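Chain lettering (A, B, C and D) follows the sequence in which the chains are written, and residue indices restart at 1 in each chain.
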């Protein structure tokens, strides 16, 4: 199993480098694209296999006597890893068409693969240090994806992304220093290391800082500034994984800190939990508002990410089983949905070159499949049954009622619902104007601009996923239950 | 043997002054040869002659000049011995456009010996002696250009150094006076003196700290370092990133742990002041580096802040602190010299000195830019690379002390880490992701073999140090525990 | 007090003379006067020395009417010293005077301040 | 009584004869005589030195037929001979180094007088070092003063003459204070031979009476000699006097004349009065304070000096400050430091003066510091010598002055308290200032003059100057590298000095 674990972690990176260096793949774009997809397919397989190897533990590398890179496969890790590799695969397929005429595509692929490695590593991380290590690597490796377009604003956005993330990571590092001081260890233990009911006030403060730090990646309120700048400038497949998956890396980190290091029991009811919840709620609302006011298509999606990821964080902040399940479910749902939306947006931009929402009248006529996918995805994000979004949000709402924190149990659900309405308000117009351009729409110029299969298939799959996660949510919920039971 | 290692380069350097009429080839062979031989000698001593003391002469009765390689000294000696041949090799190609090679390499070689002298000094007087010589040897190197700017830089350097020397002299004298003779003993020689007149001892420590701190570019006295970056790059790279500045740091480590003694100084006001200064310098240096637009000056400022990382760790006055200090000393040496080499290569090959001019250089000097990037990401503390390891060690050592000052130190550390990312990654990104200006993309201006070789070696060394840091750190921990 | 001064009046006079000489030498601008002051000062010193050398009721150490015990004579050394001293001071004042003449030829003044001022104007 | 024991006396006699004889010679003869005298004295001293080093003891040498209490005698020991050898070497090199230039600067008719003055300075130095009799000391002080004044005025420029006058005034004041001191000492002890004075002073001090007179005596002597050495408050006359003389003149004045007085002062403290008494009188602290102030003040003035020689001259004030501060520490270590610095400084400072003159000459008979830019390329040897001197005075380790600093610091730390702080501060500050003006000037020498490339051409310096400079360099390096031995010799010399 250890071999498989190592393989699961490093396979994408190795494959990426191999692809980059193999001379025969230098020229042949098509072949290269296929190889990448295949490689990612294998990776998906590997991660699925790993699900049967739960509890595998190993030390990857000793950096210093006190600094060990140790791995530990558990439920949460498996869920995240499978999700991530799946998303990766689909976006890579999409990318083959989208990046078709890009001459730096080769370089892009390498980093694309390496980032996945870092992510998988983070999923299987067995200790805070390990997590931090892969987190940091992932940040750096994903920068080239952001600046890929090579435009000045792309570079500027890249630097902004870098600085925000590094700052967040530094807060995380600070946390590690103090955790190893307060808790004596930074190895993950389900339910948290600190079992004593009363935690030193320093520990609470540090925990809060760490949450904010890793919240950066998840675009949580005080540190969300980079996200709307960075995601849109990246090429569509990149932005799809950036906001669909990479934001979840932040979520994962927060999750690990709260439930596997400090312990929910320690934090429950403290100012940390309240503050954290407040921040998430602010973010949820603010994100939706900004998305609503935004006219650039991709940027609007970026803002929506800001708000949606904070749903997840809110779920984590509640620290009750139901909310926890909701959170994990929403991780899955949101990844799928946001991937779908970004791919759609990418397809639209790639085929029509329209980047403003207002220009999208009649898009449904030009690109029916894309628009349908978009519609389904948006419904999912709003939370209409029977999509995954509905299940997750339902769980979140119920969970938030159970927290028993005066005020939050009322405010929480309300804000969630309000933001859901806003979500409808900023996503559906595309569909509506797209299918019903109105009487003055000139049908004569109408041509089918639908993209090739490479573009449509992933979208369709994702759209299907949106629905399926809703219908067959139960098995997933059961899995999550076990995890939740172990840590709450 | 050891004294030979110290004096061989000095003598050869002096000899080179004498014979001016050498051909390029002969000089280069001679210089490289001497350097390599010395490095081998050092290696030999490291292997076989640990803890054996040699006393070539007495300054006065009871005041010997003596050498001895002990644990901490061997680290510094090893660093120097590893880097010097590389830098010399690099220097050959670089200096061809600067001229005045004869006395340049003569002094360069002499400096090697002097630095070794510092590394292997067995008592504080010897240390001080070579410390002063270092100033004198490097002064002409700084002014090598003999332009107005370089003369001014030289003057600044000289004044600051001697200010430092004057302060250090006071400290050294107090050490010799109170700690009979001031031989280096792990744990210090001042314990009873500290009991008798604590104030004097603290003043002495501060004097020594600030005095040697001038070379280590501690905040109020850092000015000379960015100024001195007008010097030819081999000088800036080796001397102002490794030899000279590290000597300052090393001297502080020496007096802290081997003369005054960590036990004695821990918790005193002197330590507090030292720690605060170090923390201030860390942040200040990074901030200035961010503001700076001249490539080499930016790197110089980054040196300022990184040196204070080491000082911060050293002034924690715990064993883990010392370990961290040594680790960062080693890693920063490797990384910073690499960065400077890249800057130098860019300067020689394209006459570009400003950050803005680096745009798109990756197209024409891929090798150099790649090396630079490796250096940059490892200095900003990317996991799996050395910078992270040392930062980790420093941070945990600081927390371990559990003092407020430790916390402040950690805060400074992390703030500066962010700034580091800004000022190092900015150039790296513009190298790769900005269009090249004023140059044919086809023009290949990567430097020649004699420059590339050091690049390759250093880059490899950095990565290896990062991946296999465990044995290194364990060794350092042993050394800092006072094991030979 | 006064009686003390009167009883060993040589010393008193010597001190007074010394003061006169000292002040003359320092305060006067005129070179010649300075030299005179210097001489007075020296003289004062010699007077002092000579007076110390003489002991009441003893004779010069020259054998006139049969050798007597040592107590009969005064110690000749002070006298010798005085002589030497006088010689020295004479030579000193000679040198100074010669110097004065040179300076006078050069700047035809003897006022030291003026001379210094004039000399300051000359090339280094 | 071996024959070699007569040599000190012969030295004095021979030099005296030579000086007198030179008055009727022409310049070349006079010069040769001087050279011969120097070499002869050197030879004799070296042999005496070897003798004393072998016996390790010091002996008194009776002059004339009168035994101790009445007669006049000289005292010879390791300390005397070693220091005197160094001084004589300095004289030799200084004379050689400045010979040709002095010929140019002095009227040919006056040249033999110049030689005579040199002889006399040498004579009085030897006598001051050897004599064991207060009044003899006074006489030779006067001779020294007169000869030195002659050297100051030798160039006969207006400034030189004025400098001479001021020099005379200050020095005569000093020597007459010294004389009064002697006389009072004589009146209270009834002796002039140092040893006998020592005994009776010890007796007096034991009785506890005569506290005031002793204080007066010591302070008169100290102040008198301090005036002549230009200790801080009395230093106004010095720079003009030193910097307006001929090369040899300034070298001798800075490093021979003043050193003679200092040696005498040390003798008075150690041999005549005795240190325990001195300390009880509390004169030391005064000297220490003024010395410390001098160390700083002199350097401060030096940084402001426009001309090179002025700078060097002012640095002499600072160095004298070192010596007196060391004496003022009032411990054996302190005296040792003062002695060592007397030697080190005389070797260094004379070298600096000679090389400064040579460099000025090579740079087109300039005086200004800024004109020295690129001087290294004009005359490398002189520049090297100057650099060595400068670096030495800055106090770079391994060199002689650094040893002074170490000794002083250690002595101060032994005493502890206020002394430590003051001494260390003074040392630190003066180091910094020295670096500022000396190394600042030296750096300039190595920067080629880009505006006037023709000024970087090499200028030939005459053979004797080169000889002198090389000699000086050798001497300094010897003092530096064999410090341990010499220092040790002086140390046990001092033990037998009292």
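Throughout what follows, a residue touches a chain if its C-beta (ideal position, glycine included) is under 8 Å from a C-beta of that chain, and two chains touch if they have at least 3 such contacts.
Just so it is clear, the model here is predicted, and its values are computed rather than measured.
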Starting at chain A, how many touch steps does it take at minimum to reach chain C? 3
Chain nearest the overall Cα centroid: B
Chain whose Cα centroid lies at the greatest distance from that of chain B: C
Approximate Å spacing (C-alpha centroids) for the pair chain A, chain D: 85
Per the C-alpha means, the centres of chain B and chain C lie apart by a whole-Å value of 68
If you average the CA atoms of chain A and of chain B, how many Å lie between those two points? 44
Geometric centre distance via CA averages, chain D-chain C, whole Å: 28
Where chain C touches two or more other chains at once, by residue number: none
Return the residues of chain A touching two or more other chains; collapse runs of consecutive numbers into ranges. none
Give me the residue numbers in chain D that touch at least two other chains, ranges are fine. none
If we use the touch criterion from the header, which chain pairs count as touching? A-B, B-D, C-D
Give every residue of chain A touching chain B within the complex, in rising order. 61-67, 132-134, 136-137, 140, 143-144, 147, 150, 152, 154-155, 158-159, 162-163, 166-167, 170-171, 173-174, 177-178, 180-181
Chain B residues within the chain D interface of the complex: 57-61, 63, 65, 125, 128-129, 132-133, 136, 139-140, 143, 146, 151, 154-155, 158-159, 162-163, 165-167, 169-170, 173-174, 176-178, 197, 200
Report the residues of chain D in contact with chain C in the complex, numbered from low to high. 70, 135, 138-139, 142, 145-146, 149-150, 153, 156-159, 161-162, 164-165, 168-169, 172-173, 176, 179-180, 183, 186-187, 190, 192, 307, 367
Which chain C residues qualify as touching chain D in the complex? 18, 25, 31, 34, 38, 41-42, 45, 48-49, 52, 75, 77-78, 81, 84-85, 88, 91-92, 95-96, 99, 102-103, 106-107, 112, 115-116, 118-120, 122, 124
Per the touch rule, the chain B residues reaching chain A in their complex are 377, 380, 382-384, 388-389, 391-393, 395-396, 398-400, 402, 410-411, 414-415, 417-418, 421-422, 425-426, 429-430, 432-435, 467, 469-470, 473-474, 477
